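By letter and in written order, the chains are A, B, C, D and E; residue numbering begins at 1 in each of them.
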C-alpha cells in the first residue's frame, strides 16, 4: 500500500528526493477539477482522432467501438475537444451536483 | 515476460511485443523506414523466450547495406532513403536505377487509407513493380483529400500542398486537385469540399453545418 | 611511492583532477582561480586529459552545467573564487539537495566592495549553509591530496554530496612549492569509477528536482541534514584509507604542540603554517601555547573540537572573514557555540585579520596571543576585535 | 439572521481556482474591518491551478485582535461555492458540531442531509441560477456572500457594498444585486 | 486546419512524455504544447526544465507526470544544465561508460526562463554549440507567479505588473523578438511553432532534434488564465495568432528563412484580441497601432523569406 504525501517520512524519500516511478501522476485524479463534462453523440463521429491530439491532458483514448472518448478520471472539462470537433459530436454539459 | 538478448545485452520483454518495439524501448536503434506503431505492414517479428538478436554484427550490417542499396536504386531521389544510406555508409548502389517516383511499395498508404481512414481510395489492385508503372491506383472518387497517405509515406512519394483554393495531392504518376471550401464568415479556404461532403454524409450533419470554418464557429 | 616535484599549487590542483580522470569540467575564469582552469584547458587541449570542458559564460551557468553533467553520471569538476562563488550561491544549494557529488576547488578571495581580488575567507563563510562538505587546506600538498580524496568522499554511495576544497587565494594558489605526486595506478586503485545510483537515463526515466509542498519540504530537508551529519564518519574513514595508501594522514582538527597547553591558537587555511612557526617560537620561550587548525568546516567536527580543546583555559580563534554586526568572526562564533555545553570550557577570544589579502606575520601571531591572554585577564566583555587595523 | 456571534468566528470557503473564493473571503474581512471589527482573510497558499479545488479562510472577531496565523482546521462555518465540489472534497472536514454549512446547490435539505448528515445548520441557495440571471456568468463568489449573511449576521449587508464597489468598478452594482438576491432566496434549516 | 488534420491525427506518435494527472490549468495551451513536442521527441531524450508553470504542474512530490528522464534545478539555467547533460553524454559515450544510444539533450523554459532571466545561460549554450534543442513555451507573461509582465508580453496587454489604468495602456513595450536573437547566434536551426498546428510543430521539433548543434524553437502557448480567455478557445487562439500574423510560423535553417504557413490575407487583428480579457481595455487607436505593427512585421518577415 502506497503512503499518501502526509504519511511519507524523511526516510521514505529517495536520495535527492528523486521520483523513480515515471508518470506517477496517473494516480492523481484531476477529474475533480471539472465543472463541465464532455458528452458525446457518437452517431456524428467520423473517428478522425483530432480531439485526442488537441487534449491538453492527453486523456482521450479510443474506446472498444473505435470512438474517441475522454477518461473522466483526468478530464478537467476544458471543452477544447468540443470546440475542435469538426462534426459536432462533443458538447459540454454542466457537471452534475 | 520473456527473456531476449539484443546485441549481447539481456532484456525482459512483454510477450506479444515486436522485436523492434522491444529494441526501441531500450533505446537500441534499428534503422527502419516503414515501421509505424499504428499501421503495421512490416517489422512484424515477435519476441520469444531465448531469442537472440544482433543489430550490428558484420552480417547484419552488410545485409542492411544491400537492402539499402536496393532501395536507393528504386528511389534514388527520396530524402529519407538518401538519409538512411548516408547513415549506413552507403554511397552508391550497384543495382540499376529505376524510376518509381520514390515509391518503395511499402503499402503504408494503402493500409492507412483502408484501416484508419476507412475509404480505401488507394488500392493494391494493378500494383506493379515495373519501372514507370503506377505502383498503387488511386480512386479519385473515394479519396477525401485528408492527406493521411502523404503524412505516413516514409519516402516522400506522396505530397500534399495547399495553394489558394486548391489542394493538390500527388501520388506516383497520379495527381489530383481538390477544391477547398471557403468559410462563409471569414472567407478563408479551410477544408476540401470533398471532405465536407464526406463528413456530412458520415455524421448526418447538414452540409450547412460546415459552412463556417472552425475558428468562426460559435 | 610517487614523485616529488616543484609546482604551483593551482597547477597541482588541476593535475589532481586529471589523475582523478574527471569527465566534465565546467568553469568560468576568475582571479585567483584562473591558473587552475587554464591548466585544465591545457591538459584537455594537449590530450593528456580526456574530458569535456564547458567554457561557461558565468559561474552560475558553470555550476548549473555541473548539475546536469553529474546527474547524467559523469565525474564533474569545477573551480571558482570570491565573487564567482557568490554568483553560484543559489546553485550550490541545489547540488547538495539533489545529492550531486560535484567537486569544486575554491581559491578563497575577498568579496566586493571595494573590489579586492586577494585572499580571504569571506566567500567560503558565506556559503557555509549550502549543504556542501567544506575542507580547508593549508599547503599545496594538502590541496592536491584533498582534491583527489574529495572525489572518493563525494561519490561514496552513503555520502553523495558535493565537496568544496578551499585554498587561500595567492598565498596558496600562486605559490610554487614541492608536492609529492602519486602514481596513476595508485590513484586508480584509491578512486573507484563514479556510479550515480539514479542517473538521468532514458532506459530508466527518473524525475530529479521535483518541487515539494509544505507537507514534504521539511522531510526532504531532514533527510539532507541527517545525511551530511552522517558523512563525517565516512570522511574520516576515507582519510584513514588515504593515509594508508599515501602515508599522509588528515584529521578534522589538526593539533600542533597542544600537549598540556593552557593557551590555544586556532587558524583556518594557509595561516596554519605561519602560526606553527609562531607557536614553535613561543614554546621555545617556555610559553605553553599550542595550535589547532580547523580542516573540516562542514560537517562541523563538534566532538573532535571538544576533545582537542581539552583543558585549555584560553582559546584564540583567528578568522579571515567578518560577520557584520554579528557575534564576531564566523569560525569564532561557531567554536564558541560548539563549546558552550562543555562543562569546563576555555575563555574564547576572536581576532579578525588577514582580510583582502593582508598577511599576518609570525610576530603578529605572537602579538595576537599576547593580546588575547591580556583581554581574558582583564576580563574584557569585548571578546573579539579586528586585528591590525589602523585607528 | 439568527446569529450575531460575539467573539471569534472562523469561516472556510471551498471553491475552484479562478472562481473567486479568495476574493469573497477578502471582501468579507474588508466589510468587518470597516465596521470596526477585527478580521483576517487569507488563501491556502498553494500552487493550485484554475479549476482545481481550493480553499480560503476568514477569521472575524468583534472584540479582540486576531493573533493566530495558521490555517483554520475546525471552522464554525463552511461555504461551498461550487456544487460539483460536494462529492470531490470532504467539505465538512473539521466543521464544528452545530456548525453552519452554506451550499450553492439546486438540491433540497433532504437530499443534502442524506449526504452530509444533520449535524449542521444548513443554508441552501441556487447561487448559480442567481449569478446567471444577474451577472450573466456562473461566477457565484459574491452571490454566496449574501447567502452567508442570511445565516450568520457577521457583518451588515450594507457593509459589503463599499468593498464590492472598490473591487468591481462598473460591474459592482450587479454584484451587489446578486448579494441581495441571494440574501432573499437563501433557505435556512436550523 | 492547415494541410493535415482529419485522420492524420490518429497517426501521430502515441507517446506523450507528459502523463495525465498533471496539474496544469483547465485548457492549458502549454500542457498541450509540451505533449505535442514530446510526441515528436520520443523517449530517447533527457529534459532539463526551467522553473515555471510546467515544472510546478508536472512534478509535485511525491509523484511526477514525466515519462522521460527529466531534471529541474532553477529558473534561469535550463540551457546551462542541458549543456552539462549534453557534455556528459558525449564524454561518457566516448569513454565507453555509456552505450551510444544517440540520446539527445533538451531544455525547456517559459518566456521568463528564456527571454528574461534565462537569456544569458541560453545565449552561452547556443554560442558554445552544444548539440541540444531548446524549446521556449511562451505564454507571454510570468503566469506561474500570477501573470506579471515579461519581455515577451505583447504591447497593450494588461498584466498584474503592467495593469491597464487611467494612466497606463498595459504593457508599454513591444514583444521581444526572441527567435531573432536565437538566429543571431548563427545556429543551424530556429523555428516558431504552435500546438494549434500540431503537425507543423512535430515536424519542427523533429528537425530541431536531428540537427547537429544547437536548435531553438519558440512555441506560442495560449494561457487561458493569464490571457483571460475561455479555456475551450486555447487551440483556436493559437490558430488566430497565426492567421492574424501576430505569431507567424516560420523556420530558419542555417540562416535561411522559410515561412511555414502563409496565412495571407491576414485576418483582422480584432479577431484575435477580442477573445482575450487582457486586451479588453484597448482603445481603437491602440488596436490600430497593433494592427499596423503586425502588418509591418509580417511584411518584414516575408522579405526575409524571399531574400534567403
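One rule holds in what follows: contacts are C-beta pairs under 8 Å (C-beta built on N, C-alpha and C of every residue); 3 or more make two chains touch, one makes a residue touch a chain.
Keep in mind that this is a model prediction, so the values were computed, not measured.
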*If you tally C-beta pairs in contact for every chain pair, which pair wins? Let me know.*
C-E
*Among all chains, which one's averaged Cα position is nearest the averaged Cα position of every protein chain shown?*
E
*Using mean Cα positions as chain centres, tell me which chain lies farthest from subunit C.*
B
*Could you grab the centroid distance between subunit C and subunit E? Build each centroid from C-alpha atoms only and quote it in angstrom.*
43
*Let me have the rounded angstrom distance from the C-alpha centre of subunit A over to the C-alpha centre of subunit B, please.*
30
_Centre-to-centre distance between subunit D and subunit A (centres being mean Cα positions), rounded to whole Å_ = 30
_Taking the mean of the C-alpha atoms as each chain's centre, how many Å separate subunit A from subunit C?_
51
*asked:* Give me the residue numbers in subunit C that touch at least two other chains, ranges are fine.
replied: 98, 202, 205-208, 210-213, 216, 220
*Could you list the positions in subunit E whose residues touch two or more of the other chains?*
5-7, 10, 23-24, 26-28, 43-44, 56, 59-62, 64, 66-68, 101, 103, 224, 231, 236
*Which positions in subunit D touch two or more other chains at once?*
17, 47, 49, 51-52
*In the complex, go through subunit E and note every residue touching subunit C.*
43-46, 48, 55-56, 59-62, 64, 66-74, 76-77, 79-92, 94-95, 97-98, 101, 103, 105, 120-121, 123-125, 127-128
*Within the complex, which stretch of subunit E touches subunit B?*
1-8, 10-11, 13-14, 43-44, 101-103, 199, 236, 239-240, 243, 267, 271
_Residue ranges of subunit E touching subunit A (in the complex, touch as defined)_ = 5-7, 9-10, 12, 16, 18-24, 26-29, 31-32, 35-36, 58-59, 61-68, 195, 198, 224, 230-236
*Sort out for me which residues of subunit A touch subunit D in the complex.*
30, 32-35, 76-77, 95-97
*Please name which positions on subunit B make contact with subunit A in the complex.*
118, 191, 198-199, 202-205, 209-210, 214, 217
